[in-house]
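Naming follows writing order (A, B and C), and every chain is counted from residue 1.
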Amino acid sequence: MSGRAWADRILKKPRPRRSGLARRQMLVAWLMLLPTLAVVAVVAAWPLIQVFWMSFTNATLTSLQPPQFVGLQNYERLVRDPVWWTSVVNTIRFTLMTVIIELILGMIIALVINSQFKGRGAMRAAMLVPWAIPTVISAEMWKWMYNDIYGVINDLLVNKFHLLAHNVAFLSIPATSLPAVAAVDVWKTTPFVALLLLAGLQIIPNDIYEAATVDGASWLQRFWYVTVPLLRPAIAVALIFRTLDALRVFDVIYVMFGNQQSTVTMAIYDQNWLVNFSNVGYGSAISVFIFLIIAIFVVIYVTLIGVEVEQ
Amino acid sequence: MFINRRIAALLAVMVTLLPLLAACGGGGGGATPGAAGTKAPGAPGATATAPIVKPTSAAVTPVSTAAVTGTPSVPVTGTQTPAPVATTTAAPGATTTTGPTGMATSTTAPSGTAVSLTNIPTSKNTAPAVPNAAEAKKYSGQTITYYGDSVGPGHDFDMAAAKQFEKQTGIHVKVIPHPKEADQTYAQYLRLFQAKSPDADVLIIDVIWPGSFAPYLEDLKPALGDSAKTMYPNIIKNDTVDGRLVAMPWFADFGLLYYRKDLLQKYGISGPPQTWDQLEQDAKKVMQGERKSNPNFYGFVFQGNAYEGLTCDALEWLASTGGGTFVNQQGKVTINNPQAAQMLKKVQGWVGTIAPRGVTSYTETESMDAFQGGNALFLRNWPYAWGVANAPGSKIKGKVGVAPLPAASGQQHVATVGGQELAVSRYSQHKQAAIEFVKYLTSPQVEAWRAVAGSYAPTIVAVANNPQVQKAMPVLKVQAVRVTRPAGILGKNYNQGSAAIYQGVNQIENGSDPKSVLPQVQQQLQSLLKK
Amino acid sequence: MSTRTTNVISRALFYLLVLLILAYTVFPFYWALRSSITPDGELFSTPITYWPAHPTLDQYGKIFSNNLFLHALANSAIVAGAVTIISLAIGSLGAYALGRFSFPGRKFTMYIILSMTIFPQIAVLGSLFTMVNAFHLFDTLGALILTYLIFTLPFTVWVLITFFRSMPAELEQAAYVDGATPFQTFYMVLLPLAAPGLVTTGLLAFIAAWNEFLYALSFIQTPERRTITLAIQTLPESASTSAYAVPWGQMMAATIVVTVPLVVLTLIFQRRIIAGLTAGSIKG
């Protein structure tokens, strides 16, 4: 059986069932969904509704007065807020930079450790290490490694490999600060992508490759015409969750740059207003905006790639 | 295959977007509020214990002491206009004299000297007896939760004090160290207050927070008003919101200049710099020599990241050069003035020359590490740095001196006030017991003990002036006028105002023109004051 | 150039790439290890030493004699373990329903589940705090187990949906023909086949819970109930560091210590990631 046939078969909709059975199946489905939906209702529904509601009020944390409804006032102000737009641009740049590289690198790593070679078990564990170190700590560590006086990265580049003439303050120069922090995020989260893709690779049966090889397909052809299409759902899920996290990026940038405006992200700006400035109304409007931006990305992914094995 | 085309198209769209965004990136001019910093330097409580107890008079420069002694100075809480600091007038109604700390002390304040300060314990694990044990015993059996210090040895001091208090009063104290980052502590307190939680009775709060937290805090004036009168009036004023004393001052930090004695000597420099120009010259001279053996040697490190710490450093730069204190006592915003612009232009010139280029993302940690690693001649930091620099195993142990920060010639040396206060939550279910605990912690005995055993700068005038305390904590002898951030005037908007200041100054450090940034900061501060 | 030489060259380039990736991945960990055995006084000195002149295991001694840290290890294991098991148990059921059945509102339900994780953590923290208090869960591990589901559950469901979707329908139909109920089909036929997905999501969920910081910071008060991220952040300073000076050596030692269980877990489960589906089992 060829890869295409396999793909076509998997891409097919689940078969329609007979109507009597269908009703029973539907009941079973909702029953199975019940625990998940219960958790959603308990831990997520109330906070989500609360955020939406607060975004239309003038709620603050430093007053005992009950919040008042102010309509779209917070949103009108937000649309005209230049720092907000700076943060949007920064965040999207960061997201594109990291997600593209993570996807490519993650794919390479997944393919490498999926192939047969000695010590791949150890390699698989080693690969997971960056993801296993708590973000707050790894960010501190990288900040230390990037330091322009006593940082090891400068030492390596200047004294060991002679790639630079003198030490560079990577975190303070606008041109290098965002790439520098993107490198940390890539380091930290590529294992996540790699592991998801690796799991996806596992459900591609070997005989498809065998068939393709018999047909004389090159390595690249096999990758592009067999692996990628069959890995599509795994790629989509990895993309969705990575993008979702990247668009909400907070701690790695906060640890390395504080509130520097050249690197402010949407979540950092949100935290400023919600907590430090105690303006819950405005902060909630920012939260809702972030929600909408992420939703746009998700919709784009789902329509372009499709997370599901159906049209 | 269509799926592949989709993925390829998506990647292509992303890749083309990237340079587009890069082109408009960095964007967003204008100093606009970011947020309060990670580690608010108002909290720089702790100093390492052991080494500081040694008499280290060499550390305090005789030159600087002479420079300020006898010059009447005034609590600088916003009393300044952009006019030179030296011309400030005394607060009405109080005759002022200069205490040895350089901070003006009201002579009308009841002196705490009646309290005997003999037998001050010198170990952080032995707290002094509870003077108010008799009254506190009434609440024996109750349990209070105390959000205490988590910085340096602060937690050990809290545990010892809680143990002693429990032993003598029967009130059980559950000590919770607050989160290490000031921002996180601030957020956690607000969440507890919002939930009207009885899970916090006594809280340690930063000197810049009373304005924000006031609605949630008990008025301590009825119970502690008398002891408040023995403390520095400018801090009491800071902690009084709408006539309510919402927190008790507990320890008061201040900015200092640390320098390498050995290197100054090596290059024939007689003492620490008196002026910023002199600091520049000394730095250049020493850098030139030291760089032959260490290419990463710098003249001056400070806290240049966009966070609360930069507001503290900037306040010192401006106030010591006639640039004012951001907002004056009449509530007029003064930050946009020629002296301030000139000084900040000078600071801009330091970045990448006498200070590392990376200094614009340095907090206390990075600046301390650079100095500690032997890579800097001068360091601006809080009192705790003394203990760190002189700890066993330190590379620069015994080579460090401490002096007031430089000033422009003809101006006074200044130091930004940091420190922590103690407050009682209005949602506490054991308010009386909580107040008794605060009474104990802010008693002269405890403040003296914490100063001697832990180098926490006392807030009670008589304790700070006590010779025994000064002997154990030599940085108390460094003479400089204490300046406070405009927390009282900005009230609950302080964090936003401070963000406007540090964002603006950070942009200037990174190359923006002060003349275009300062008017924007001025405008933002003005709009916050109107609220 | 013969194809053979090209092959050798491309192979060499491939290994060079692998090596570079490996260096990028592992170097920071090596740096943490090196810092954990370097005496505090040497940590920031220049020129930089790549291996300490006087290596010491002091930091590890301090970590293991720190009762609060040991408590924290246990707490984190409990929380992360419970979160993983709950996520997998209810998430796989939900994913099966969403992946193998078609019914009105199915897509909508998927988005609803995803939406619970779309807000920035900080945005929902205030309301969560109020909720945790209302449930009397403040300062308990239960608060963490409940709230961590916000980020583990949507992820588990979405990944497992793709797994269930990609399985051939014949498997299930054969089971139905044999008279199995949907639940039996689920856990006897499909669940074992989804093992790579379960193990992968389980590992990722476990690590996410193990590393969570903000909720733990907000909902836990008593030091004995802290999780490891909190414990590392509140390690006591050593003599030569204080206040803003981060206790680097100890922090790095603690980081190494908390990473080891995760590596061991991966080593145990990694066979399952690969061996989940063999070609034989899927041939319908």
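Assume contacts are C-beta pairs under 8 Å (C-beta built on N, C-alpha and C of every residue); 3 or more make two chains touch, one makes a residue touch a chain.
Note that the structure is predicted; figures quoted are calculated from it, not measured.
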Graph class of chain-chain contacts, one of line, ring, star, complete, other: complete
Comparison of B-C and A-B by number of C-beta pairs in contact, larger one: A-B
Maximum centroid distance from subunit C, chain identifier (CA atoms): B
Gap in Å, rounded to a whole number, between the CA centres of subunit C and subunit A: 15
Distance from subunit B to subunit A - Cα centre to Cα centre, in angstrom: 38
Shared interface positions of subunit B, touching two or more other chains: 187, 194, 296, 363, 369-370, 373, 375
Two or more partner chains touched - positions in subunit C: 44-46, 126, 233, 246
Where subunit A touches two or more other chains, by residue: 144, 149-150, 271, 275
Touching residues on subunit B, where the partner in the complex is subunit A: 1, 3-4, 6-7, 9-11, 14-15, 17-18, 21-22, 24-30, 32-38, 183, 186-187, 190, 193-194, 212-213, 215, 295-296, 298, 305-307, 356-361, 363, 366, 369-370, 373, 375, 492-493, 495-496, 499, 502-503, 506-507, 510
Residue ranges of subunit A in contact with subunit C within the complex: 9-10, 13-16, 22, 25-26, 28-33, 35-37, 39-40, 42-44, 46-48, 50-51, 105, 108-109, 112, 114, 121-138, 140-142, 144-145, 149-150, 152, 155, 159, 187, 190-192, 195-196, 198-200, 202-203, 205-207, 230, 233-234, 236-237, 240-241, 244, 248, 250-251, 266-267, 270-271, 274-275, 280, 283-284, 287, 290-291, 294-295, 298, 307-310
Complex interface listing, subunit A residues touching subunit B: 60-64, 81-83, 85-87, 89-90, 92-93, 96-97, 99-100, 143-144, 147-150, 166-169, 171-174, 178, 224-225, 228-229, 232, 235, 254-262, 264, 268-269, 271-272, 275-278, 300-301, 304-306
List of subunit C residues in touch with subunit B within their complex: 39-41, 44-46, 125-126, 129-130, 133, 138-139, 217-218, 221-223, 233-234, 236-237, 239-246
Subunit B to subunit C touching residues, read off their complex: 39, 44-48, 50, 145, 150-153, 155, 174, 176-177, 179-180, 184, 187-188, 191, 194-195, 197, 199, 294, 296, 363-365, 368-370, 372-375, 382, 384, 387-388, 391-395
